[in-house]
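Per-chain residue numbering starts at 1, and chain names A, B and C are given in the order in which the chains are listed.
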Amino acid sequence: MLLLFVLFPIAPAVAAAACGWQPWVGRVAVATSGLLVVGGGILAARVLDNGPQTFDTLLRADALSAFMVILIGSVALLASWFSIPYLTAELTHHHTTARGAQLYGILINAFIATMVFAVLVDNIAVMWVTIEGTTIVTAFLVGHRRTRHSLEASWKYVILGSVGIVLAFLGTVLVAYAAAHTHGGGGGEPSLSWTSVVEIAHQLDPGVMRLAVVLLFLGYGTKVGLAPMHTWLPDAHSQAPAPVSALMSGALLSVAFYAILRVKVIADLALGPAFSRTLLIIAGLLSLVVATSLIIAQRDYKRLLAYSSIEHMGIVALAAAIGTPLALSAALLHMLGHGIGKSVAFLGSGEIALTEGTTAIGEVHGLVARRPVIGVSFGLSLLGLLGLPPFVLFATEIAIINAGFAQGLGWVMAIAAVLLLVVFGAVLLHAKQMLFGIPDEHERRTPTATAFARPLLLGLAAFTALGISIWPIQQLLHTAARIVAH
Amino acid sequence: MTRATYAELLNLLAGIALVAAVLTLWRRKLVAIVRLLAVQGAAVAATGLVIGIDRASVSAIVLATLAFALKAGVIPLVLLRLVRRGPDARETQPLVNVSASLVAAALLIALAFASTSAVVSLSSGPESRVIPLGFAIVLVGFFSLATRGKAPSQLVGFLLFENGVALVAVLAAAGVSVVVELGVALDVLLAVLVLQVLTARMQDKFGSLDLDQLQELHD
Amino acid sequence: MSVTRAAVPILQVVLVVVAGPLLIGVIRKVRARLEGRVGAPIHQPLRDLRKLLTKERLLPEHASWVFALAPAVLVSSAVATAALVPLVSTVSPFAHVSDLVTITALLLLGTVALALGALDPGTAFGGMGSSREMTIAALTEPTLLLSIAAISILAGTTNLPAVVASTLHRPEAVISIGYLLAIVALAIATLAESARLPVDNPNTHLELTMVHEAMVLEYAGPDLALVESGSSIRLAIFLGLLANLLVPWGIATTPSVARLALGTLAFVGKISLLAILLGVFEVFTAKIRLFRVPELLALSLVLSFLAVIIAVVHR
């Protein structure tokens, strides 16, 4: 049954391969993404009642996996729904060819399938294979537009992403090596199933595990976009087509962080919690500093959103560093909220780029006055990403800061809070110019097409609902957090 | 084969792989560098073959042969085609001069040996004593990747880096299942193909394979 | 101490003094033949030395005692090295001081003496040759030290005769990667120290390409004879050392007359073979550009460093 989750997104990929990209192919993708969300919910319910579900020895769904499936499904739903009018517009404006659209259709669904596979697999080596798979699948998606800039972005993305992922492989190999030579017993082929490694984690040699964990954090951290391995992210996320950016920022970064969380469980059992806590604090603070400093003088709104992703992943890393159940529930909820909110923002930015023809902040004015629907949705998503109530990120950031103070990491939280405040001011300044401000003569009042507006409004609604109450997923969050927390 | 011969063979092959990696920092002609990469890949695959023969494991031998065909045959051929396309891609353009690169390589090799002492002391087999050589290749490959200025030589650095990791994998996890190895090999092949397509596009769009051209996106 | 044992260093010195120029003659002959010429006879360098010794001793106007003394220091350090290094036999009265560091220091003494002597008269070519030579020496000396150190670590002792003796007992130790790397690095260092291609061209007098030849430009008559002789002795020593570290077969381990004779024959045979190979190599190699020489030497340094690390791990 678990296999179905992976197969769902393959269906529209096959359809795109067979028939080229058509609007109905896009609708199939939307349907399968919806199935992912719904199915994820059913899976979550089953896991909460009966414990982790397995399929063959390969796939295993515990609360954390079920939560990630829901996350991926939600972002995928928004992205695929938006892709339909987006691709149609790209084809009409000749930004891409029919073949390009077909490739897009195949790859984006393969991308979603690979991500779902990654969170459902029980084997740390196969988990690595799938995450490496996402790099390959998205390489051509980033370079979809075939301009000089997107080519540059995809080159950096593939090189840096592959280097990172190969480092993670080395770390995985070292974990297998440690597992094969445990002090207790060992010899023979070690099982690389995550559950078995966790069982023998306390017997793993600390010297080897230290090296392994550093490599794994460096490697998967590159895919998450944590500093100092973040340099590919602004280019890749700003040059990719908007729905792809939404999927990458919203889902892929969280899936890569999921991998870090799985590694963290093993690391904490083998080395004690202090080691991974230190690594995550360094990565988190560094990411916040980098993101803040580069948001202040930012001149491109898509790059602004990309740096904001780095910032939010930094916050999630700090939350994971704290390590209490509260902090980890907040981290997971933050990933979900960021996923949905960032999707709305990126999709909105995609629409703005299509109609205004530019991604420069300085050349877009008065969106709220000229084009209310898009202006308001983009603006609200930005406010939500900045951590304003009633959006969910407000609650999670408060919870994280609280948990941090309770664990004695007050100074870290203080620095983070100051940086968040600076980002708040900077983004508001940039947004003010884009949303309000006096429009130039050539900027017209084009109403937002409903095809574009609908996914944006759905996303916004979900984002707001999440902020008001998390009642449906509350128990899921707590159980998932308990898997990682100590 | 005897234990002593086995250990000697492993040492010899890993040593050849490391020397080939260091030599790529020395040579300037891209064609020569790709040939060195082929030699290095052959040595790494041969290590896997020796280990497979020692354990009398058919799957390991088959995998090693496949890896040999891939690392010493297919990938260098793809790279050579790439190098011959670009008219200005005949010589590398290192950002750090050759002598300094070689000295840096020596330091990185020392660093690799220093940091993997825990790994070596964990197991008493002859494979674990050769693991630091694999780590040294990883570091040298990473250095090469970071300091090269032309796209094909950065690719070679990446492949060196990856070969080093493959060597460590073959030595350390001498029991990782076939499926995983296949998945890994496939991933690498696909990554190389993707990079090849991107390089071809780069040649078309930018007219050269100079990575300095990729500086337009920045803050 | 038996007579034969005491005779070993004397034998080695006489051998290299005679064999050095002959080696140069062999290399020139091989090159000539491969290039389609008849070439001078093999003992021509000896005849040149004899001719030079009969000439008047000329010193430049501004030269000091350094210039006058340098050739003597060069030759005496080379001769001292020849007495210590295990060329014909591993047993000799000086075996216990024949250490890795001693040998390297003696060779360096010769190099520095020549460089200082070239600097002394204050001519442009001399200074240029010295500076180039010291750049090369700065990279070759560590390479020499490290590569012989690697071999010492593998053999378990820094005493050269003991190293050669242990390789004699275990010839398969040579096939290990650490040993081979050390030999390769040593070979490159040999080419650099003896001023042969591809590092330096011994037949050129062009300003752009000279290194060793620039240093000896001011010497004439007996001084030139000493310098040429010293350089050829050094070449013989390097080739002998390489040969005995790689293939020590034939070297005398007991001071009997028969064994010494065999050792002499083996030594002469091995260095002749190496000289022929060197000649062939020189025909097919071009001199590398001066600014690329440090790259080659840095490579040999890294290889010798690698050899040391592998040797340390291997133990």
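Definition applied: a contact is a pair of C-beta atoms (placed from the backbone, for glycine too) under 8 Å apart; a residue touches a chain by one contact, two chains touch by 3 or more.
What you see is a predicted model, and the numbers here were worked out from it, not measured in a lab.
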Chain pair, B-C or A-B, that carries the greater number of C-beta contacts: A-B
Chain closest to the middle, measuring from C-alpha centroids that were averaged per chain: B
Most distant chain from chain C by Cα centroid: A
Euclidean distance of C-alpha centroids - chain A vs chain C, Å: 65
Approximate Å spacing (C-alpha centroids) for the pair chain B, chain C: 37
Centroid spacing, where centroids are CA-atom means, of chain A and chain B in whole angstrom: 31
Footprint of chain C on chain B - complex, ascending: 8, 11-12, 14-16, 18-19, 22-23, 26, 98-99, 102-103, 105-106, 109-110, 113, 129, 132-133
List of chain A residues in touch with chain B within their complex: 123, 125-126, 129, 132-133, 135-136, 139-140, 143, 146, 148-149, 151-156, 158-159, 162-163, 166-167, 169-170, 173-174, 176-178, 180-181, 188-190, 192, 205-208, 210-211, 234-235, 238-239, 294, 297-298, 303
Residues of chain C defined as touching chain B within the complex: 175-178, 181, 294-296, 298-299, 301-303, 305-306, 309-310, 313-314
Parts of chain B lying in touch with chain A, wherever the complex brings them together: 115-119, 121-123, 138, 142, 145, 151, 154, 158, 161-162, 165, 168-169, 172-173, 175-177, 179-180, 183-184, 187, 190-191, 194-195, 197-198, 201-202, 205-206, 214, 216-217, 219
